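Order of writing sets the chain letters: A, B, C and D. Residues in each chain are counted from 1.
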Amino acid sequence: MNITIKLFAALREALGESELQLDLAEIASDASPADVAAVKAALANRGTDWREALYQPNLVHALNHKVVFTDAVVSEGDELAFFPPMTGG
Amino acid sequence: MNITIKLFAALREALGESELQLDLAEIASDASPADVAAVKAALANRGTDWREALYQPNLVHALNHKVVFTDAVVSEGDELAFFPPMTGG
Amino acid sequence: MAAEYAELIGDQPGAAVATFTGYVRGHAEGAAVTALELEHYPEMAQKVLMTLGETAAERFKLTRWRIVHRHGSLAVSDSIVWVGAVAEHRGEAISACEFMMDTLKTDAPFWKREEGVAGDKWVAQRGIDTRRRERWQEEAQ
Amino acid sequence: MAAEYAELIGDQPGAAVATFTGYVRGHAEGAAVTALELEHYPEMAQKVLMTLGETAAERFKLTRWRIVHRHGSLAVSDSIVWVGAVAEHRGEAISACEFMMDTLKTDAPFWKREEGVAGDKWVAQRGIDTRRRERWQEEAQ
């Protein structure tokens, strides 16, 4: 029951990873599906740098290429990306 | 004591002329210089078509390439143009 | 257009470049237009467009600008007018293009004559163009 | 740029075509910038820009539009982004360009990293960009 996590820009740089797989089974069940907040909490257990990076103000979360709030429900096969505010153009 | 009169677009077409000379001496003196209104009045004497064309609403007057009101004073050597509202761009 | 653009930006482009191009429409008020004749007052047009560009440059802090207005006989889809503005910020470059277009529509001595199957017709100035022009004067006060 | 413009207008140009191009600045906050690295999220960027163009087309009655955003290593004066809009009227074409630029600045997944003599630095989102973006949401309500 994997999802793909993607990290970009300063976040990718701070954590030294750009992509990883996360097993949803550890944090969710059919009765209580995981949301973005639960995924963040699970990733924050990886260490202080992860906690700091993922709880910085203005962090953007995109689920399957759409910006979402932390209450968005995450399902198997989803792609969840974390990144700082965008600065294109 | 000539000035140059220029006519453009529908006005030029209606009057069949694009440029003519007018002797200011006939309508002005050192003591009482001519303004655009006086030039229009003099040209209107040329016939009904001139009167109608020059007194149509929205007629634009440009003195030496600048849009002016009818009280602008006209001097020897000036170029005075009459035309309908502009429709460039 | 490519040559105009190259001329606009020069060797050192600014950060923001906006352009606008107006083309001859193939229709007007529902009727087909087959060609457009653009009469102009050359000496005055030259001065008005130069003053307009300089005014825009000052008002919108442009580093470069260009205005190209055609005259004479034009076919449907030919370009009529091209304006370009270079500035440090996008808002200024874009606003400058809009200002230049809105102003030259009512202030530059060009007159359009549309040729159609039913004959030729001088184009009348539109109220919306006058109002768009006036908007800039209000903002400048 | 010439190829992009040709692609934008196609065989039958509309009456009004507006474009905007953003270039890499040689300075930022007073310091010299020697190059720009543009990171992006390819799949999401593609979708966001496509949705943005379609939204602009509907909102401003565009007949054609194009958005081109570069990524990777860019030098000073390189173009970063190019947007173009074709409409029946100039106000719509120009507003569409401004809307597309204001929206992609905050909504398209690209991140700028400026390289300078003092080292590299991720660019922070500017408050003015957020406000310009919000303006369009107010207008749409």
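Keep this in mind: a residue touches a chain if its C-beta (ideal position, glycine included) is under 8 Å from a C-beta of that chain, and two chains touch if they have at least 3 such contacts.
Because the structure is predicted, anything quoted here is derived from the model rather than measured.
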*So which chain is the furthest away from subunit D, centre to centre on CA atoms?*
B
*Any idea how many Å lie between the Cα centroids of subunit A and subunit C?*
49
*What is the distance, in whole Å, between the centres of subunit C and subunit D, each centre taken as the mean of its C-alpha atoms?*
23
*Counting in whole Å, what is the centre-to-centre distance of subunit A and subunit D, each centre being its mean C-alpha position?*
27
*On subunit A, where are the residues touching two or more other chains?*
none
*Mind pulling the residue numbers of subunit D that touch at least two other chains?*
22, 101
*Got a list of which chains touch which?*
A-D, B-C, C-D
*Within their complex, state which residues of subunit C touch subunit B.*
22, 38-41, 43-45, 47-48, 69, 80-81, 101, 104-113, 122-125
*In their shared complex, at which residues does subunit B touch subunit C?*
6, 8-10, 12, 58, 62, 65-67, 81, 83-89
*asked:* Applying the document's contact rule, which stretches of subunit C touch subunit D when the two form their complex?
replied: 1-2, 5, 12-25, 77, 88, 90-91, 93-94, 97-98, 101, 132
